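What follows is a group of structures, each given as structure tokens.
Look for chain A in each of the two complexes below; its partner is chain B in the first and chain C in the second.
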Partner chain A sequence: MSKDTKSKKRKKGSLGERRKKFAWLVPLASINLTLTLLSLSMILVFVATLEQVRIGIRGALAEYFESMFGIWYYPEQFWGGEFLNAIPIPIPGGYLLGGLLIINLTAAYITRFQWTGKKMGIQLIHLGIIMLLVGQLATQAMQEESRMQINKGESSNYIERFHGVELAFSDVTDPETQRVVTIPQEIIEEGGTIRTADLPFKIQVKHFGVNCDFTVSPEGSTPAGLVKDVNRGVGQTANLSISEKEEDFSSEGLNFGYLIFELFDGTNSLGTWLTLAHPGGNHWWKESPKLSDLAFQPIRHEGKLWGVTLRSEREYLPYSIELLDVENEFYQGTEIPFNFESDIVLNLEGNQSRRALVYMNTPLRHGGKTFYQYQMNAAANYTVFQVIRNPSWLVPYIACVLVSIGLLWQFSFHLIRFLRKNSNSAQPA
Partner chain B sequence: MNEENPKKSVKGKIVLWALVLLGVYFAFLPNRFASSSILDFAKGEPAPPTDSFDLEGFSRIPVLRGGRVKPIDSVARNALLVLRNKRTALDEAGNKIPAINWFAEVLFNPEVGDKLKTFLIDHDQVLGLLGKKLSVDGKFFSYQDLEPHLSEIDASAREAGKVEQEKRDSFDQNIIELYRSALLYRKIKATLSPPDPQLSPEMAEQLQVADVLFDPEKDKDLTAEYVRFRELTKELSSRPEDIRMGSADFAKVVFFLDHYSRMNIWSEFFAIPPEKSDPKKQWRSIGESLVGKEPLDSKEKQKMDPSRFASTLQELVSMEPDALAARLLQIRENQKMDPTVLFASQYAEAIKLRREVDPVLGLYEKLKASYQDQDYSTFNQTVAELRMVGTERAGDDASTLEFEKIYNGFEPFYRSSIAYVLIFLIAGVSWLAATYSTTLGRKGETARLLRNAAYILTAIVLLSHTFGLAGRMYIEGRPPVTNLYSSALFIGWGAVLLCFFTEKYLRLGVASAMGSLVGFGSLVIAHNLSLDSSLNPTGDTMEMMRAVLDSNFWLATHVVIITIGYSTTFLAGFLGIAYVCHKLVLSLFGGTTKYGSKLMGTQKDAQRILGAMIYGITCFSLFFSLVGTVLGGIWADQSWGRFWGWDAKENGALLIVIWNAILLHARWSGTAKIRGISAIAIFGNVVTAWSWFGTNMLGVGLHSYGFMDKAFNPLMYFILSQLIFIGIAYLPSFKSKPTIEASA
Partner chain C sequence: MPGSFLRAKAFLRLCIVVGSTWMLSSCGDQPEIRSYEIPSEYTGPVVSWELPEEWGENPDLSGPMAGSFHVKTDLGPVGRIGVMPFRESVSSVDVANMFGMELGQATIDEEKLKKISEIKKIGDREFEWIRISDDGHEGSTRTVLLALYRNKGETWLFPFIGDRDLIREQEQNFESFLFSTTLRAGKVEIRAKAPALPPPPTHDAHGAPTWEIPKHWVKTSASSMRLASYEVTDRNGSKLDFSVTSFPGDVGGTLANVNRWLGQIGIDPVQEADLDKYISPIVLDEKDAQLVVAEGETDSLYAAILLFEDRSWFFKITGNRELAKVEKSNFLSFLESVCFH
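Now for the complex of A and B:
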């Protein structure tokens, strides 16, 4: 590329002009910088892949890809690990390298690329690459992952985030007009006392954590540790004791968020409650009789009945999905599944509805969200969809088209030249 | 290279054609490496013999194993591949026995079958457990050798099973494998010969089942028992009021139902083709054909409520058959958590709906008896009947049966790998000849001839390799790459194809040699993958695809393209190795021999061409790996909802893309010259090997379709070897040879 650049410079004035005009960009456009960045990306990707074994995909994402730099310790179980493990090795992160690559490419665009037909392939490829990088940055910033679980014959109109909880108070005094007040995780994390006009009481956060171990202690034992102040609700009746635990980032990791809070009416304490959030959704508490109330702990206050629960952060949808049937088929005589399928009805506003089948490689797309078959239990008749909202989902598609055209363009040039050059020297077999 | 010689010597022509014929012989014609040849596809099936068993016909009977309808031949071969890592067994004297002969003995004549050497045991401690020594007893053993030690194997395997998979040592792994092998063998043996109910005389007396049970003195075969059981159930279904605890007839029925249901566990493949009326085309084992399948694990029976069970069953049996069938379907759909009702539905089906003994059961009984009696004509006739019934009832699923049977024996990949060795040798000799003639200052007619031979042979073996892939595609009805095994086949194929075209334009013998090397290597890797019991537990490399992969479109685009990307990256890497070797040879001999200067004269030219080849092929690599990776992203967006998830396998593919981009940019910018390019290309081998195998070893991520840990050491050795090559490329003595170059 650079070889040609020199010879073309005189003929095509525009490139030379651009180079003069944006002289400060020239060092940023250096191909050696590209090579360095690419080599560093190799290290980043390799290390982050290895680290997935230790901290899971989400952990690796947070530490390496969604950061400016990460610190890596050579794994202990590898050769010489006992000595090398102690040395912290800084690894340039995804945001740093991605950002620099975008700058490098853009600078090259302005000061190095010729805007001619012959080189159009190169330009398209690099434009596509820029789009892929930008698209990925945008996706990681904007994408939201949730799940929706539906039992057969029932319908659901909300989705729950995989990560992140909220404290929900629902006023169920009048079943007709149920009112729900939710407090998001960010506010709980700040701690202190939470006041809101929607609630007739104040909430004082005593302990909060994203993960814990919990056990049901035998009856009669005195509560100790974190739960020693809990005097109301399930925490007290089931004799729950909990211990803090670090968040598990692995893909199979189950994180039970917990919150111990005290309610005050003015200065008058109403009691201290313990709530636990089930990582699969709070309806799972119903499976264990002693803890079933964790999905709804009643609080009576000033003639009103409130229910409180710490649950996965919810988003209510303007439409609902009803599950008609689930099917899970295996190849005969094997444990290899060949079909997971949910037969659903999408109930839209205005009494409109449509049937849909959701199965592998065929998600349901509606209202900017995509519903993928995620888990299912045909025996227990429920299905779980993974729900994703990714406004930038189209970007990679466009990028791919650009890159493909560019590659084809460029390599067909090369190939034709190669064939022409060699067809003369080819010998008959 | 560019010499023209109008007078091609006759001798040369003869040598050329002899070499080409040799290639055809290895690749297609009948030879000692494979049991069938290309001619067999055209000839069709030979007429059944009259004076021996028609095992040809027997091997073509359709059965279902591993979710796929296949000829018995495939079941036999795949089982032996798991048990003995070979497709043959050995008799007591150590002679080879074809898979189908072994299978017939095991199925029908277990006394003989148990004496055949079927199991591979080569771990000294496992052998020690059996009281054997490798040096004295060899490594192949019969079931009879294992039988006295089964309980010890069982106990040791149980212990080993308690250890976490990553922490198992070689003994643990080997004893678990032996345990699985023994289990597989016993299941095969029991598939067509159900085990005895093991009834004590007192129990038989109490249940009064003696009049139904098989009596070797009176009955011809087991079908007599089945027929009597059917009569019993017919009778019982006419008086549902007798379905209650304490009724003698009901107790009998329950006894046989349990007995036959238990047989399902001891069935390795499904021998009974789908019943004509069955829309789901369910194949059945003998037990299923008699009493249907247990709806839940039999342990769940303990959770049943006996009185509700009896009343439900009574109610079901008194229904009309059609209504009952509909009701059963409903129960299985809606009452999945209720063992009482579920088991009642199985019993109702067995009592009321399964009215006849399937004729196929009788045919297999007849087959067994005639085999034991050496009654050739009955055996051969029964085989013909079974095939007719089987193919008719299996319908379209059995359409590739004939082909698969011959394809099994053709062993296209084994044939190809031998032919690849031949090509490599010819290409190697061609270089020697070229060097020799260069040093003498001659034109090198022999070298040219050999290069042409290697080129033509590449075309021939490419045909047989292609045929092998196409055959798999035809049998599976899928694109070429469906699992790790077939990716190895395809990587080799892609590299050879590209080499063939490169050689067409650059007749240097280099592309032929490197292509055959990659082709041979990938086939050897494929063979070892097929032996890996964790990857390939049934021994069938044409396994079914799990739901998310079950998309021919994406398999045909993303998977194929990314595999071509692997293939071309490897090829570029091997050309890099060729460059290093070339330099090494020159530096070793170039300075010492008196012809050194002439040799060195060729250096520049050869290196320029190698550099150009690496560059050209890397362009392909970047194209395919980039497009393949991006297509993978689109597939991931379709099925998992995200374009890119930093999954291990995705990252592996990304590494290849980046590495190829680095190579090309380094060349374009002039940062790396030929030597640098070669070194980068060789490291590309490491990157590709990591992406192909290494990522699977991490055991994380969604692409865990081929988890494996046995390949860890080979992978490390491979990486080490590549690093050594890179090291050689940068040996200081290589940098320049000013003295020699000056003289040249």
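Now for the complex of A and C:
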């Protein structure tokens, strides 16, 4: 028996053994399953693209991609829409399809692929695709998007999430240090009571919502509706009235979160407050003298001065960014932005600093966060960065490199074999 | 039997794989109440004190009040004592008149103030002690006792409002209270009330005008570029798009802007000399502006260009030619309603 035949038999034997050992994975490695999942993915992308017009990008992402399945209603304006619109159509979601594709590819990887130089390219390509899918799943789970607004000549050491609010109590009695207690949106439940050892009072949530319309009623008008119990703070002094509203998922949507809560010291009520979160950050309330206290509503308790506010979820950083200058340019004669540019100094711990220029497509990367130029107002002298924390940001790059190497390997292997075959057949007999 | 056992084992393994994937997809941070310390960001005033046993605290700190108290009695809380910090130095005459007018007093001038005020030393501090009684209502015993403390340009006002006898009775407690206070001034001035709503965060708030929109124009999403965006649709489905935009500077000048708009409705660009065919002078909120009227084969455009305080303001409606003719008068009415305050 020749060496080649022995080696082929051993390889076949090893694949056979693997298939036997992982027999339970064989049905999951089906190419039919792959094609079905890819077809469903196309349907998912099509449906989500249609729905994005109706519910905005964030709404479509949440409904169809960040879920196991979504419910779609055939558009009324399409052919036969007047009949079909009433039927709810379940659409497999991104998590379901992505998860199944990972399982399918991994199963195929284990049960079908051969560990030979000839198939190495295919293996690398599939490994790259698996990494891409897993990386996307990790990004979905871990990525955080925030913003940082800085006025020219000032510095900032915190970022605020685009979505999600928190109720923040700050004890400002000490002139040097401020103690902050934050309660995230997920814990704030309408009708619920929040107790924590960090606060000297308990909070009873009366009404909470992620969006509302608010108006300042004329002085002397009787509070009604949601605000009828409000007897403390800006809600009372500014005669604020609110009406709840659905969350606006569109990219330009402004969601003013609201919370009406009563504070208790034991069983003794301290009053009922209304607080509103400004979608652009609570510093915007300062623009309106009547509502400026919404950024800090004072509560004095047991000789201490507390401030309360509902604000975008905030994260303090161990460094700060100072804005030296801003510049925005438009293409001449158009309203199309040509360049937004922020000249900044990154002030690190230990009196170290680093100067940088942040402009479109050239972000600042520091401490696991990427600061992209997001908005700017040169006239008002401020800049806004979009801040992304994505621990798995390198995974897609590695996956692309693997796929590229795999493709190169596979094509080179076939090319060399083809050239060899050609040169052999060209030799005279 | 072994076959079914193997199938169960395979199913279990599958569950583990799917479960792990599910867990990975939901492994974000769990929400929790957090407590942390940061360097003080608070710029307002902070006052601390020791409260006399007979006094109670009012939780409502509306307006410029940094603290508010009452005297506890069998009949319930009576009197009102407050703490009002002012960043700037405040005239004693102004403060006296602020409370005096409430009590029906005639204007208090420097002469009269001397008669009703004295200097009282409490601890290391000197307070201006002003006593104002109710002259406006016959038989009234309402009295205001004002204690004013000045320190490096800041003024701290402690008003005690109540019945004459109550104030006389509680004067010792009032002095003890003032002695116990620790006063920390704020870094910013306490501002007066002025009703106004905040601007949307993405818009440039700089001198934003107001206007009246015809009722049948339907609001569409504004963007960071558009301060206002509306749509007009007729029965045939023809549409007009209306927008208000503002940019620093002249954004390339009138000729460049008009030529760009002409291109959008299929009209060839013009030279500077021919610009008059499309533009005419107009007055917007008493300011000289330019009205652009351009009618193409299918689409028309009406716009107003205003250069005001180094910013360009564009009010533009464009779309179906026939519908634009109908809406022209509404657009001109809109322009008349623009007000830069």
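Structure notes:
We take it that the second predicted complex is superposed on the first by the 396 of 429 C-alpha atoms of A that agree within 3 Å, B and C clash if a C-alpha of one lies under 4 Å from a C-alpha of the other, contacts with A are read in each partner's own complex, and residues count from 1 in each chain.
Going forward, a contact is a pair of C-beta atoms (placed from the backbone, for glycine too) under 8 Å apart; a residue touches a chain by one contact, two chains touch by 3 or more.
Since the model is a prediction, treat every value here as computed from it, not as a measurement.
Overlap between chain B and chain C is detected when the two structures are superposed via chain A. Once chain A of one complex is fitted onto chain A of the other, the partner contacts of A:38 are limited to chain B, with no touch recorded for chain C. In the superposition on chain A, A:370 makes contact with chain B only, while chain C stays out of contact range. In the superposed model, A:139 makes contact with chain B only, not with chain C. Of the two partner chains placed by the overlay, only chain B lies in contact with A:50; chain C stays clear of it. In the superposition on chain A, A:28 contacts chain C only, with no contact to chain B. Contacts of A:333 after superposition on the shared chain: both chain B and chain C are touched.
Once chain A of one complex is fitted onto chain A of the other, the partner contacts of A:284 are limited to chain C, with no touch recorded for chain B.
When the shared chain is aligned, no partner comes close enough to touch A:200: not chain B, not chain C. Of the two partner chains placed by superposition, only chain B is touched by A:397; chain C is not. Of all the stretches 127-135, 163-171 or 541-549 given for chain B, the clashing one with respect to chain C is 163-171. Comparing which residues of chain A touch chain B with which touch chain C, the overlap comprises 330, 332-334, 378-380. Here chain C touches chain A in the complex through residues 6, 9-10, 13-14, 17-18, 21-22, 24-28, 31-42, 44, 46-49, 57, 59-63, 66-67, 184, 191-202, 204-206, 221-225, 245, 247-248, 251-253, 256-257, 259-260, 311, going by the rule given at the top.
Looking at the complex, you find that chain A touches chain C at residues 23-24, 28, 95, 99, 102-103, 134, 137-138, 140-142, 170, 172-187, 194, 196, 198, 216, 231-233, 236-238, 250, 252-254, 270-271, 278-281, 284-285, 287-292, 296, 298-301, 303, 305, 307, 316, 330, 332-335, 375, 377-380.
Touching chain B in their complex are the following residues of chain A: 1-3, 31-32, 34-35, 38-39, 41-42, 45-46, 48-50, 52-53, 56-57, 60-61, 65, 132, 135-136, 139, 143, 145, 251, 330-334, 336-340, 359-363, 370, 372, 378-381, 386, 388, 390, 393, 396-397, 399-400, 403-404, 407, 411, 414, 418-419, 422-423, 425-427, 429.
The part of chain B that touches chain A in the complex is made up of residues 2, 64-68, 269-270, 282-283, 336-337, 452, 455-456, 504-507, 543-548, 550-551, 554, 616, 619-620, 622-623, 626-627, 630-631, 633-635, 637-648, 651-652, 654-655, 658-659, 661-662, 665-666, 668-671, 687, 690, 695, 698-701.
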